[in-house]
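Next, two complexes with subunit A in common: one pairs it with subunit B, the other with subunit C.
This part shows the complex of A and B:
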């Protein structure tokens, strides 16, 4: 690669294999391999079929990762998605129990999510001076509050007809349908972020919103679209979650927002916006899933697993800062 | 172009490691390969003292019978978290799962999958629906508990006045069944006509939230006479609030003797004159013996079957209120100032 005449190594950095492997995504990929080997060593039942069978619960959360990553790339955040999942699951259960055909049930779940997303988008755009953390904290409480009111005093609803939901929980070989849908979403969202104008604009807004605005990017439209898409995918997530629990209750989807944000941040997507790649988020999601499955199989206390994941997350955020610091010191030293 | 190719290669390699790294076919779990049977208990949440005592009893009984116990606490007191645990136990090919459910219906899909994998299922303490279980190990009949608590409230209020309930989560199956039963008993007998249930508050089995809802009850209902908390976490939190404030409101319900000892007393300095509970250690042991009977084929979960629960004697499987079957441990036990000293060191 470096041998091409007239071009120094520095001129082609982003195309070299070495750069690829020392990039955050490359490191994550190596970590993914390491985690799999580690889990295989500690757990005799860490097999391909078992991992895939235990995966659906976690896969439902990955839907949220993609649009969440878009929002984080723009320097914003949405902590209401868990509540949107809860409300969407509740609504689809109610529609299903009212005897509606399954396509209508699906539509109800997706529409509820989309409408919630639009509310978030609208509030974000109309009150641009308010931090989205605060806006979505508000809607987080509101959406779950509505779900709790709809659910009534029992706080839970169970499906009376599970046929449709049983079908979507089906599998092709060992692969649940959900797996293919997540991969499809991963490809679409990654290609849009990396290759399309929409993606460029996301990074532009996250890097400097004002400059982006003056260069003609419709910031508000970008925000509104992203929040709406997040709502839609939260609806999708809710439907698959319902297919696993045959119902909904007041704790449905609790903590999903933080899991999605954690996957993104671990994947190298900065909450300050403009930095990181979706590919990193996707790999990190699978690193987290494999680790949780493996440690769960050796009956490790789940609280300890959470502590390990928390520590990994902090490390993931610290590491780039530390390496940057060291590099700067080294540069200074070489200058002197 | 080269980058695209690399990306593709990376993805291919990722899929390959997933296949290779964890491939190699299903190997049997360590438990079943050594011949000893593995019996799993899934609790409602970690740090719940009642569940911990239950787990202790379960462990004792399984070990006494030469089996391997697996105790699993979900990461949160939700059905979602329990599904994750069940899935993991299916991978481990345990022989039985005994579960204290956080939601009656939400575990059905996961437990049906476990059943299809040949795992025997029973619920303990808090039931799952009939499609998900073979038999439920009940601490005491729902109506017996309801009657006990209603009589306690009747006694402490002096037969009339306002009272409130501090429960666990709003979807906890056992608490809801007891509350329903209490309401029915009150409605069915004119003796209780002057008792006014003002509110059912949910403390979600979290000490802080239970404290908050108790405070709110005291503020909102100045004429409140009695609080009934049919949950160990709720009653301990409420007892502390009432006693610290020197409130005249009296407390009863279901609580752990070790946690409630300092609040139990007949005078005004104590907030709880008496309360009830069953022995969680015995409940865990009965759960274990039931699991063992199901695995050995001594019982299938049909009504009318009898089996020997180790040194606890013979138990009979009876038809439960929800149409399924259950095994009843015994009547609730009353803790009052006369016996609390003796019991507080037990559990």
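This part shows the complex of A and C:
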């Protein structure tokens, strides 16, 4: 079994305040508060409304986090989502510019994403011997390549009719609609992962795919569904991204896959599968967003922010390993 | 053991089938456009893809141990950018010193990654993803919103134009590429270290128990990868006569693709230097051939992606057929 950190299928959740704080999610929550205090100290304009105003451009990436977490939990990976976002954004822009009503534009974006996700899922299921990393590497190039062909030599497209997109970029009070949608998705995906059969099967597959298969779990169907859902949410992400940028180009969504994976891993979800909680991923996503907004406000060099995020990512995996190592040594010493 | 017939050997080995694919590809392109099959053209292909071809060697070692390294182009940018800046501000003049510095930086970068992965037990893709951000960020910091152009690089850029290493026949860059391949061929095939890499990739626990220091092998593998990336940083600066912090962004995927097309397994333990060479060659020839046969520039990425998928799927299908044939044989 993969479970040493107590975050696997077999672990029965214990509910004491101390346990909750010591768990990775609890630490992340403390970190979230710490980051907010830190940003408040360094930046005078770090207020609630300001953060919410700057949030949408980062929020679109969180959509990808949830299904990506599912795929990581099964021990697989998808590095083509950035390209799916690009292709979906391109398609919805084109349909919108053709004068179609907004629901059809929405449908076009979502359908494009879903079809791309299905292609990934189908290739994964049919050729299980292949690592998903290399399959999605291929489709990553293909999807963006198709977007490049569709966009033509100019490589960009701007919306001519922005009514619909303006509407979905609206707000209730200080909160953008997008915020509520992200929270809704977070709740749905977390509940499914933690409480429903589908979610528990994800952990089973991630811990040991063969055992899961022989105990009657339809591994292929789970994989296909997850990849398709990732495609669908990539389409959703693309539509909100378009509503913020009023267009698409060949570099739209570049690096989204890495950001989504980084959020998940920082949240304690192992890329080896079977370990981690979605709640951690959601908190870590907001930690990263707040840090980006705060550091951006004091005009810190974006490259320095990149370095900080990279270091955080490695530390997030390194620290638990080191503490575990020390604990094991201590146990051995006490036994002797 | 019965001796296999030559025909069986050819159809049975992946290297041979890749050679056939490569030759067919060349013939098809030549029929369409005779300008393809010239020595000069091939030299150009080799020179322009030297960076991918050399890094494929390091990636081969990393993949053989079951790891992956997606930070290589960031290391490349950091090394190349540092060297470029040193030439720009006339800190150094000699070409050799530039290469030494670039390789040293790359080695250090790789060593850090290796330590984090081997000693800190961080999963390779996560560790290298973090360092992809860190090294790329450092490259931007080194650049300080500047870049080193052809005039700033001075004599250094001439290295890629001249051929004193190849006795006036072969371009310097190609000579270095060939040297790298010879060294790695020997290293992987006939040295203890090379065999240890295979052992670690095939079965880590068994390797550990049989007395191989697994963590040292892993550190060495990532250090070698870093050193090669550093070397490529200097080469890329020289070949393209410019050093920019965003150089070769996302080319690491091409390197991985080259290895996988060549038949290197991403689960570790399977693959050879020849595999890496053939994979890199197929990718390079495709890149050069597509414009020559009149395919639009904007469609090239799509075709490249499709070819990657088709090749790896074909690999799987032939493997399945071979397994089936072997099973059938056993039953008789």
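In the analysis below, the second predicted complex is superposed on the first by the 323 of 336 C-alpha atoms of A that agree within 3 Å, B and C clash if a C-alpha of one lies under 4 Å from a C-alpha of the other, contacts with A are read in each partner's own complex, and residues count from 1 in each chain.
Keep in mind that, in the parts below, a residue touches a chain if its C-beta (ideal position, glycine included) is under 8 Å from a C-beta of that chain, and two chains touch if they have at least 3 such contacts.
As the structure is a computational prediction, the values presented were derived from the model and not from experiment.
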| item | value |
| --- | --- |
| First (subunit B), second (subunit C), both or neither touched by A:283 | first |
| Which superposed partner A:211 touches (first subunit B, second subunit C, both, neither) | neither |
| First (subunit B), second (subunit C), both or neither touched by A:272 | second |
| Partner chain(s) touched by A:296 [first = subunit B, second = subunit C, both, neither] | first |
| Which of subunit B and subunit C A:323 touches, first, second, both or neither | neither |
| Touching partner for A:153 - first (subunit B), second (subunit C), both, neither | both |
| First (subunit B), second (subunit C), both or neither touched by A:310 | second |
| Subunit C-contacting residues of subunit A that also contact subunit B | 153, 301, 303, 306 |
| Of all residues in subunit C, those that touch subunit A in their complex | 68, 116, 120-123, 125-127, 129-134, 136-138, 140-141, 245, 253, 256-257, 260, 266-267, 296, 298-306, 308-309, 312-313, 316, 319-320 |
| Subunit A-facing residues of subunit B, complex | 2-3, 6-7, 10, 13-14, 17-19, 21-30, 46, 70-81, 83-85, 87-88, 90-93, 103-110, 129, 169-171, 176, 200, 202 |
| Subunit C partner contacts - residues on subunit A that touch it in the complex | 77, 123, 127, 129-131, 133-135, 137-146, 148-149, 151-153, 258, 261-262, 265, 270-272, 301, 303-304, 306-307, 309-311, 313-314, 317-318, 321-322, 325 |
| Complex interface listing, subunit A residues touching subunit B | 14-15, 17, 20, 25-26, 29, 32-33, 36-37, 39-40, 44-51, 53-54, 57, 153-156, 158-159, 169, 241, 243-247, 249-252, 254-255, 279, 283, 286, 292-293, 296-297, 299, 301-303, 305-306 |
